[in-house]
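The following block contains the structure, expressed as structure tokens.
All chains are identified by letter, namely A, B, C and D, in their written order; residue positions are counted from 1 within each chain.
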Amino acid sequence: MKKLINRPEAMVDELIDGYLAAYGDYVGRLEGRRVVVRSTPKAEGKVGLAIGNGSGHEPIAVGWVGEGMLDANALGEVFTAPPPDLILDALRAADRGAGVVLLISQHAGDVMNGEIAVELARAEGLNVEPLLMYDDIASAPKGSEHERRGAPGTTFIYKIVGALAEEGASLGELTRLGKRVRDNTRTLAAAVAPGISPLTGEPMFSLPADEVFLGMGVHGEPGFRRLKVGPVDGIVTAMMDGLLEDLPFTEGDEVLAFVNGAGGTTLMELFIVYRAVAAVLEAQGIRAHRPLVGEYVTTQEMAGFSISLCRADDEMKRLWDAPVAVPFFHR
Amino acid sequence: MKKLINRPEAMVDELIDGYLAAYGDYVGRLEGRRVVVRSTPKAEGKVGLAIGNGSGHEPIAVGWVGEGMLDANALGEVFTAPPPDLILDALRAADRGAGVVLLISQHAGDVMNGEIAVELARAEGLNVEPLLMYDDIASAPKGSEHERRGAPGTTFIYKIVGALAEEGASLGELTRLGKRVRDNTRTLAAAVAPGISPLTGEPMFSLPADEVFLGMGVHGEPGFRRLKVGPVDGIVTAMMDGLLEDLPFTEGDEVLAFVNGAGGTTLMELFIVYRAVAAVLEAQGIRAHRPLVGEYVTTQEMAGFSISLCRADDEMKRLWDAPVAVPFFHR
Amino acid sequence: MTANEAQTLFEQLATAFAEAEERLGSLDAAVGDGDHGVGMARGFAAAALAASQLPGDPDASEVVQVAGRALMSAIGGASGPLFATLFLEVGKALEGVDDPKPAVAAGLANAVERIQRLGKAAPGDKTMLDALVPAAEAFTATAGDLTSALLAAREAAQQGVEASAELPAKRGRARYVEGAGVGHPDPGAVSIALLFDTWSALHSATERES
Amino acid sequence: MTANEAQTLFEQLATAFAEAEERLGSLDAAVGDGDHGVGMARGFAAAALAASQLPGDPDASEVVQVAGRALMSAIGGASGPLFATLFLEVGKALEGVDDPKPAVAAGLANAVERIQRLGKAAPGDKTMLDALVPAAEAFTATAGDLTSALLAAREAAQQGVEASAELPAKRGRARYVEGAGVGHPDPGAVSIALLFDTWSALHSATERES
């Protein structure tokens, strides 16, 4: 299928330019670099939040740079983690004298480029702490949580840690909270139809017309279990079973619940999915606090969705609800 | 392609239920009816804003019910205007004693059901003014603007008239402003690939892999002119030529600019489209005020986008920028 | 026409439109948005139910009017108000009459007028009017009883459908389509033909039996 | 190895990876996200440019290191740090040496060690290590000069690719795939083989000419 672009090599620069043309009130760009920063930097003395990630997943992460969330985002090529020097630029830009948390969604490239960037930054005297984010239960078994990959549930960390950073918390407090959110978050995704790679112009995987694929990754990495398409309530129930028993989430828990659209699935369907999620939670005696339904972490026009749950304490709920001023996440 | 639903007959009710389960802080539902209303009604004595529209275009219009925009939304079946009695329910719910503006996006069904609802409401003593909205330059020639159909540029009316209603303006002031916005708005759309009808499970139209179709409607109605796919800058320039000369927009104008994604086009592409829009505006000496880029008026997972421009005066700009508290439109 | 015959009519229309759902949907998909079939099926199912559930001892006029109101609130879209109006006007015209033929003729005439006012379309615009107007005219022009008038209307509606296929659309969604739908019959016109077809067949059978 | 030969090496690698772009992309699409080909092509284009533009009178060590730095900032993803590390270590080991053979052997050993530390993968995990580790070992085990060591490495890398195809992935994106990619060669391993192939062919040709 055709993509509405000019040249593949120019995609990332042009998406940044277009984003800035539209939302320049919120964000600016480091001159000549693929790094998006707040138009008004955070106050001196507050800890910065930065991330490097491959493009093609918009609105994450570029849409979350602004007050209450991120300070700087280094954008790699489509689906490709940015190189260390670009992440270093983002770290420098995010530093307001109190250090920077580098958020790293656990994928081989993000981790390696991020770790090298942290080394380089520390060699310059920057106080940087990496925070590995992982939540996808399809990618490693229970007991090996630290081997799992980052999935849309990382959204909870961006928002909650972002809000605490705005309040002036220390680097240690932020990474501790970030780990607490991570360790209480679980995500599972389902793919319905592939997105088109803007690099190859071809579908990113193939899937029979009557199958749903559980466990797909955010780059279109195929999943682990195929279900026949049927009423979506059944698909959601199967997914919720896996999610609930993994943490486990139990009666009396309060959770942040997030249904993310992968790109090609309509909001109509996402609402119908959330209806089923809410029904399962209610039946289990689990309370949902301020749910989120929409497209936040996309894989081009892949059809599918993910369900993320985060068991939340009062501090996490307060920060999840806290104000934010970025173009693509709202309070 | 498979849709993530349970049964086609239940789609609309289930999407409403899911929407309410997720965003019940903002909205409620008239008991047993497909009418979504604010959870906290507008203050007594302010004019209400209601609309009836077919489902399948989410987030519009259900996502825009809340403070600063709509008071009530009657939801028809997918792509089908709701019947008069449902619109009447929405009008009653929206009335806070000062009358209601019924927004009608100009499509045969919306107009007819809306007009009958207005008659019924007036027979009950409600003070209701219909406001016909049309902006799609592909649907009737210059000179026959009043025959054009409603397209995503109606978004300017929802937001601007919604903000003025919140300030307590009269029914007459609101319809006058609504017409002023309408008469200064122009939209043109381009389709790249069809969406899947959730009614038939089939693509809504067919389009050769190397063609872009200008002038598509928001229900997937095919367009009027085919372009070969090429760099998107060229497509946008052709579209902007048509838009600018239609009003016409001229040097020194200030415009609200809106790039809407039809559902299957990525945000990455929409940013690249907006980059080209901004370049044309700049070259013409037209200033863009607070642009909007994203998926607001969708046609299931149809791939494509539309460009809407509204020549804005100071009042329109102020109201476009005014605060709003709905789940799917932000300030 | 008896109340009973009217109730049977809506039952049979419900069956006919349920069977035609996919075909009408495809016709609408070709020139519009594909919802005509499901909408008409939903509407006549509701109309049949409402007609069958009328309490007391209703007459044909009441049955037809209650079915019309059910169509109005069950269909929506462009066809909801239009097809509802058709039955509401015919039902009103049947109020307290003995001879249904002139009453139905008057009702059809009123319906045509109201539908034109509502939709601002004229015959030739490639809408359901292209079947309804010739059908109403043929009905009125027939000197005989309801049976022969319905047969004439059915014939005229069918010809109207065929003629409509050659027209470019001036109203409804099809007007926006490349070529304005030339070569495709108008789905609303097809529904009008199906309606007269069902009614005529039922009435002829009823006559034969009585 | 002269600076000149090193510069030619990066030119030829740029050509080889440009030609292999689609193939490597498809291999990665089968088990990962499809960006390996375009990334390697972009990286070696940048490396060749940087190598050719070094000012002054650089030696081979400087050329290889500057190319390694270019790879590091041009590729990104998983392969950026890994392939950059390979050249950075080989380049460092070449510093001030006369005989390139033992220096390259030492550089490859360091690279293997650093790459394992960085990626936390081991041979057998179905990554580029499955070609690199046997290539490095074959290189070191070869008693002869650079030419024969490169030939041995090239051979071993190629065998490593074939063996990798039969392995289930334990690192990289392919580990998440149904069947963990069994039956598909690892794209990074294929790139390692292409790299030794190109280098060995260039060096053999250079030797024959001199």
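By definition in this document, a residue touches a chain if its C-beta (ideal position, glycine included) is under 8 Å from a C-beta of that chain, and two chains touch if they have at least 3 such contacts.
It should be emphasised that the depicted structure is a prediction, and the values quoted were computed from it without experimental measurement.
J.: Where the contacts of chain C and chain D overlap, which chains show up?
T.: none
J.: Kindly list which chains stay connected to each other once chain A is removed from the assembly in thought.
T.: Leaving out chain A in thought, the network of contacts falls apart into B, C | D.
J.: Approximately how many whole Å separate the CA-defined centres of chain A and chain B?
T.: The mean C-alpha positions of chain A and chain B differ by 29 Å.
J.: Would you mind pulling out the distance in Å between where the CA atoms of chain A average out and where those of chain D do?
T.: A distance of 32 Å separates the two centres.
J.: In angstrom, rounded to a whole number, how far apart do the mean CA points of chain A and chain C lie?
T.: About 54 Å separates the centre of chain A from that of chain C.
J.: What are the residue numbers in chain B that touch two or more other chains?
T.: 78
J.: Just say which it is for the chain contacts: an open line, a closed ring, a star, complete, or other.
T.: line
J.: Run through the chains and report each pair that touches.
T.: Touch list across chains, by label: A-B, A-D, B-C.
J.: Quick one: in the complex, what on chain C touches chain B?
T.: Interface residues on the chain C side: 25-26, 29, 32-35, 38-39, 42, 72-82, 118-119, 171-173, 176-178.
J.: So in the complex, the part of chain A that touches chain B is made up of which residues?
T.: Within the complex, chain A contacts chain B at residues 1-7, 11, 14-19, 21-23, 25, 55-56, 58-59, 63, 78, 192-193, 198, 209-210, 212, 229, 231-233, 235, 259, 263-276, 278, 288, 290-295, 298, 300-301, 303, 305, 327-328, 330.
J.: Provide the residue numbers of chain B that touch chain C in the complex, in ascending order.
T.: Its residues touching chain C are 8, 54, 76-86, 107-109, 112-113, 115-116, 138-139, 149, 197, 199-200, 202, 204, 215, 217, 219-224.
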